[in-house]
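Right after this note come the structures.
Two complexes, one shared chain (subunit A), two partners (subunit B, subunit C).
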Partner chain A sequence: MKETKNITMPKLSPSMEEAVLVAWAKEPQEQVQAGDVLFEVETDKVVCEIEATEDGVLERLCFEEGDPIKPGQTVAVLRA
Partner chain B sequence: MEGLRHRGLNGNSCRKGDDMEKMKVRYNQNAIDEISRLIQQLNLNTVCKEANCPNMGECYRRRTATFMIMGSRCTRNCRFCNVTCGPAETLDPEEPMHIAQAAGRLGLKHIVITSVTRDDLPDGGAGHFAEVVRTVREKNPDITIEVLIPDFKGSRESLDKVIAAKPEVINHNMETIQRLYEDVRPQADYQRSLEVLSYVKSKAPEILTKTGIMAGLGETEAEVFQLMDDVRAAGCNILTIGQYLQPSPEHIAVKECVSEQQFESYKKVGDEKGFSFVASGALVRSSYRAEEALSHEK
Partner chain C sequence: MKNKIIYIDSNSLDPYFNFGLEYYLTGEKTFDEATVLLFWRTYPTLMVGKYQNTLEEINQEYAAKKNIALVRRMSGGGTIYTDLGGWQYGFITKNEGQEIEFQEYTDPIISALKELGLEAEFNGRNDLLIAGRKFSGTAQYMHNGFTVHHGSLLYSTDFGEMERSTKVSGYKIASKGIKSVRDRVTNIADHLKQPVSSQAFKACMVRHIMGHHGETYQLSQKDIGAIRKIAEEKFQDRENLYGKNPKCNLTRTGHFQGGTMKVCLNIEKGKITEAGIYGDFFGTLDKTLLEERLVGCDYQREEIRTVLANLQVNEKLHGIHMEEIVQMLV
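Showing the complex of A and B:
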């Protein structure tokens, strides 16, 4: 049975209302390891590279580059 | 320093311009969760979280944090700082032991301890500071300890208490150049802060003294050089300079996003003026990679 996990957008600062997806560092169906940079977002203050917290295959990317993302929204789905 | 490029100014933070890049940081939820759990279990505060530091992800990943003692509420209300002001909290007598335990559990080789400013306490909290230093040392004999202290309203008795606990580094941040004190740090005094540095050095030459300033508040290069001369005259060994970022729209605005070349120039001039270590760059904060400044000394 395959187990999936939603990768959600963290709230990177108290003033952050949304972040813009700058770029994906990985492609759909790509194998990733914990610590790999998955994607890059831009907030009101900084550009932030978000790392994978576990190993798996990126089953689905939910946003495209340039899209705004709110904290808590699912950005990608990872299959363990 | 790949990833520290940023230019341009739009409103109140260092925003991305048409062809410009913002500061880049890394974020790892696991690292944040692990350190946050430990901090919470031991009922501690970190300046990382309270100041909303952009380096939190990187430092937590490297299993380091800067502890903020004597509560999370500050009796001053500096216009650059994100730490909450408000009625002071009762000192936690368990805090020295909890900080010592956290240092042990994180396996820290170097610890940075700072505090809110406690103008309400007779000694400004210096006795508690000293107790934390002694307890951390007792439980972690090999650790090096850096304290980032308030001005204790210039009280020599208070400074004596901290000096007697023998931390390796005593940091007192000047925060900005003299002309901007009224706007940025209205409850502080430039001369008093200089005297904190010079008094520590005169009483305990073996303790490394350190200070830091924020850049981007409207200071000129000449004013920064003057500050360097002033703190060198006070015997200060280590200098940190980093870009000020506005924690919220209520805080003092960013006047300028200082260029990478300017930060490099500050470092070069600081080295020439005789500091033993200068960290100057957009993302530099007073305790960012603090252990590197110390290893430079050895």
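Showing the complex of A and C:
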């Protein structure tokens, strides 16, 4: 069985309680490479691109556009 | 923020060019060891946040009538109105970590204003205040490993135009979009002891922020060509201006001489995707046909007017003029 890895929401500032997932840049089952933008989040007037840190296939997207996400929550699952 | 500042004068009043320049400096032309400073202004422009619902934020009809430009920023936050009485500053820096930092970019602004005898403060919500009133809002985006921090400075902006162009009149939009909150605002020029021209203000701010070790970079013709391309393809594109609107449901009811008409529209990416027409009005108009024709139209007066004219609404409805329907809808 191939290894999976949870992609979690980073805490972008000490005061950040949640961020809104504003756009997915990838689709489920899409092949991604380290450095590819996976999704964008908005918090405190900042729009931030979150990039993949390793190669793999996006097995599952756990949130929809418009959803609030707390730091540490799993946003997507990547299969190596 | 790096120790070294490189100032680039955009020499342009075009909001699309200036936002194109910012974006250009995060990708095609980058300065890794310095922070780039921009300081520019534009002709009257509404700047909406990257994921805002444009239709909900602006008075589309007024903006069109007064030729106010519309541009979508790459950053978050709310809609702002700016004109030649305002300045936009920007810092572009290669990221060292992933953490969001605002104050290191607003501190140089506060410090520069001090030189002009002004006491400004950061309110912790990304705004700058003088005497408790906001004169600067800030926002950021992170792209390609760079942070773009930009802020507006109200110097002598026309607040009447600001209010009129951002006011949404009449109708109610039930939407998932995030509304911007308008704080009480003030112009910097009103707080200066001696009158200072807008250009002299800019020169003072730029000189102070650059410090002793700052450098300037002159845009080449090649740079300008590439920036214009970004401006056109990314910032002037209609899909980008209206296409990121969240799904938005709009219901309008009009009470006319010939009866009441209620129209429900579903608008996605600025286009009508569903339409329902109800009411107690009289005539021979085929309601289903009108609903069908509205689907696919841009949510704009001109297109809706054309649909109504083609269906001869004036001849087929009693006591309701098509212009009344257009006015009700948009």
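We adopt the following convention: the second predicted complex is superposed on the first by the 79 of 80 C-alpha atoms of A that agree within 3 Å, B and C clash if a C-alpha of one lies under 4 Å from a C-alpha of the other, contacts with A are read in each partner's own complex, and residues count from 1 in each chain.
Throughout what follows, contacts are C-beta pairs under 8 Å (C-beta built on N, C-alpha and C of every residue); 3 or more make two chains touch, one makes a residue touch a chain.
These numbers come from a predicted model, not from an experiment.
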First (subunit B), second (subunit C), both or neither touched by A:49: both
Partner chain in contact with A:57 - subunit B first, subunit C second, else both or neither: neither
Partner chain in contact with A:77 - subunit B first, subunit C second, else both or neither: neither
Touched partner set for A:34, first subunit B, second subunit C, both or neither: first
First (subunit B), second (subunit C), both or neither touched by A:23: second
Touched partner set for A:66, first subunit B, second subunit C, both or neither: second
Shared contact residues on subunit A - subunit B and subunit C: 10, 12-13, 42, 44-49
Complex contacts: residues of subunit B adjacent to subunit A: 13-16, 21-30, 32, 52, 54, 57, 245, 247-249
Residues on subunit A engaged by subunit B in the complex (per definition of touch): 10, 12-15, 34-35, 37, 40, 42, 44-51, 53
Subunit C contact footprint on subunit A (complex, rising order): 10, 12-13, 16, 20, 22-23, 42-49, 66
Complex interface listing, subunit C residues touching subunit A: 49-51, 74-78, 98-102, 126, 137-144, 176, 178, 246
